[in-house]
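Below is one structure, written out as structure tokens, with a few remarks after it.
By written order: A, B, C and D. Residues from 1 in each chain.
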């Protein structure tokens, strides 16, 4: 109640296709007002007869705290399994049950430093709002947007408006430079003398973004994507190993202590192949002969 | 408006709706959606002696009308739990049912000892012994799959909890004869039973062709399992009514999403109801279920919730 | 296109998809939607010695992603079955897995004797002993809940079915240790196992406040129970692979609605898959699942269905 | 395949409210052509994410074997539980998965006898088509339509077109005569010297219709409504005790051997309070000490 999280039955007012994605605008009073870039919403799927109980989480692309319809939130969804297929098939005026805003936002620098924002696929969705917020604070902002192919890039045009420069890569070379975001990131960080690199996208990308940022003396702030059952901190399914300020590694909930983490705090050595392992040195790790 | 109060082996609660262990964390998270003190009781995640990291991820798989979880009892350990979570719950005015477990029967005892000694003990209205967890001393076999292990744990826990505070044994439905396990737990002094914990399940990731959970097996919960929970509650209640099992209150849990679902468990014999997985769908579910259950009791014209407990045993169709 | 053939203890089938007992009646009804001879095998409803009326209605309750049924093994008895249903199936060119049961172990034997003597016996590719039914001689306890009763039935059935025809024991998941029951059945000569039958459940009618089924309890089936079926298949297969249980083919059943669902059971260890409750949703489900399963095998680049059986045991994530 | 039953993904083209009911028209090629009055369709509910697996059965109100849209079927639905709520909330162009036509139709008299058609609530839905069919064969047709209240009467106006006379009763007297259909039925049967009484509605009504028909020398043909899991004859959930031509009572499937039965064949003595018991004299009935 105090925290500003609400649950509301929203109304879809727009659902437009953008490349491989769907861009949804939902009237969700109370969600937009307290939200900040990097936070997400959890949407119920399937309606009253649904066999899919668990909510689906999506980064806030943009919010409009007020307007013709009351507060709205925008999300960008890749249709994948049953939940995202159901959401992307919704039509205007359909009801959408929204819980949000959730999670820890991207921390903003107190000084007007140079920043690089890196998005992989739909991972770029929250970065344009972040870019504008940073530029309002006087930061120089460049973006690196990457995807497998052109249709999976999101927001290149929007990026040109929101940021000082946009660099594009695709795996197949169908747009921008052929290759990965990490191939161009080092140069951009170096040239702009960036202090912070913000990133959102697949885990493997976040790991290399962290490495590149570190190599060039920047701090990485990465928004991770762990499978979430509740999104609100009660189920403990969304954990990953993160080292705290005290130097100890714990399995922490990415839905409340994340999804944004300092890249150098994430124990990438324990993450891969779709699994987040428990490092042997983690607090409470299983010990031989007992848990 | 019906009188919704319920009594569980001496513990009087203003209403019969609770969270389910492991589905509401320590309370702070749900407090953002409703005051946890409005529930009959708040059930904590199972706490063990030492801090535990839990299992690797993926820890969950969605299933038709349910989910699998394999958290591995992650938690801060009993000391940190008492200092932080329990103290916070006490400050909110919540009535707390503390879920405890151990790797061995003796460890259950240690956890309970420290709990009883905690400054926040006063807010505790009951202890739930989660015996549906692996017994390290017995090839990792779940305590509640074996009457002897169940009895041993319950005896130790009961011995260390003051007599004024009830002890509930939480049973797994994954047994051939749940009445036999109930008898063992009650025989060892349990004040009541919580039924049911999750069913053991596996989901295969059909892209990777490997188990979806890093820990291979997980616990199945949610509306999908409700008929199994109702059946377990029914069987144990029927045995109590037949006099072949000592009478004791049952806390029902398994697949409750609405007030009607709760009413199913109550009519089958539950004196209180916990709401677990549905909380992930609707963060206000436990509170909403209370409102809906009240409305159901009113709709049926009963004055007291207590009059509906086990009522289906009296209304059986006689074919 | 992958080679979809499968071999079940000597019985070679062109493909691994079957109906599930009791979910396809005698075949005529589904023949209106697809030729039943296109299935790997057609599994009949369980047939007993004498005609049976079954239970009163309501015999069913819908549940989240599943249903309860309490049919009570209604059927015409083995003689009428052989003359009508089996003869018709034979005329269609179907391969038939006949499900049999008895009130006592000896009655199983009588049913099988008459079946083997029937003129239509030639179309029978296997006998499925439905031991997940009540044993009148043992307080109505389900045969498959007890290793000794399971053993006794299987020994009798195996003794009366010609050695060239495999006998499958159909197990219930409602036991503490399914591997122990599997061991009893295989030890008594079962050629393979069918897993799983329904889970025992109850639904309360919240308007009448009484059990919705006239028979009170029913069997829970459908996608809701799939994780339990996959787990049971996994446990038994794991024991076989570890050498602690004799190796034998497993027929998987429980909650299969799509080719992906079937693939889950197969990757966990099933050499064939039955489609039950989903047929009520989609009368063509068994045939459609075959098409979808073929597509899945192709998508994964396998040449032979047989290469995928149990594959998830080899691909476990190593945390 | 031979039997004319098909499964098709139909398209809803109209959903109009009629009193307490919804009247749906669905394009369902192949269903209309072989259908006859008294048969029903089984509709899937909840869409691809549905937790409700079982189909819902509805009497065919009317069919149009061809037309602008291809064959259409009409059903009249009372919103009740999750499935009927979902169906009645559908909008034009939504997909509806249809299996049908199912079951045994009302048997038609070979001679142009007088007939009375009795409908309780939405149970009248299949009777107008039946009335027209009977009148085409030269039968005199009167209808008795009853319901709890006026909004639960279906098709009174349609009845006036389809039949020679329509008699209305409501429990609360909000339309027609206050009372039950059985209160007026005897007089109508008597006056028209009816040879057949056709009825569709709640079990208790079907029982009294059977009794009244018998008392006045008419044959009752009643369409029963047992809870059905499959609708196509494979699950054995929809049985009720019916006496066959051989005088033996069996638990027969109402989805394939019914839903229409001769009223005097139904073992009403074993039916009531929402239960169909197994009469002791039924074939294969449980015996003491055994099954």
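Throughout what follows, a contact is a pair of C-beta atoms (placed from the backbone, for glycine too) under 8 Å apart; a residue touches a chain by one contact, two chains touch by 3 or more.
Note that the coordinates shown come from a computational prediction; the quantities given were computed from them, not determined experimentally.
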What chain is the most remote from subunit C, judged by the mean position of CA atoms in each chain?
A
Check: interface with higher C-beta contact count, A-C vs C-D, is C-D
With chain centres defined as C-alpha means, what is the inter-centre distance between subunit A and subunit C in Å?
46
In whole angstrom, the CA-centroid distance of subunit A from subunit B equals 35
Go ahead and note the Å separation of the Cα centroids belonging to subunit A and subunit D.
55
Subunit A residues touching 2+ other chains are 51-52, 274-275, 277-278
At which residue positions does subunit B touch at least two other chains?
55-56, 64-66, 208, 214, 222-223, 317, 319
Could you tell me which shape the graph of touching chains takes: line, ring, star, complete or other?
complete
Subunit A touches which residues of subunit B in the complex?
22-25, 29-33, 45, 50-60, 62, 64-67, 69, 71-75, 77, 103, 136, 208, 214, 222-223, 277-284
Touching subunit C in the complex, subunit B uses residues 55-56, 61, 63-66, 68, 145, 174-177, 199-204, 206, 208-211, 214-218, 220, 222-228, 230-231, 234, 255, 260, 263-264, 267-268, 296, 300, 308, 311-312, 315-317, 319
Once bound in the complex, which stretches of subunit C touch subunit A?
64-65, 223, 317, 319
Complex contact set, residues of subunit A against subunit D
45-52, 82-83, 85-86
Residue ranges of subunit D in contact with subunit C within the complex
1-3, 5, 7, 44, 51-55, 99, 226-227, 229-240, 250-251, 256, 274-278, 282-286, 290-291
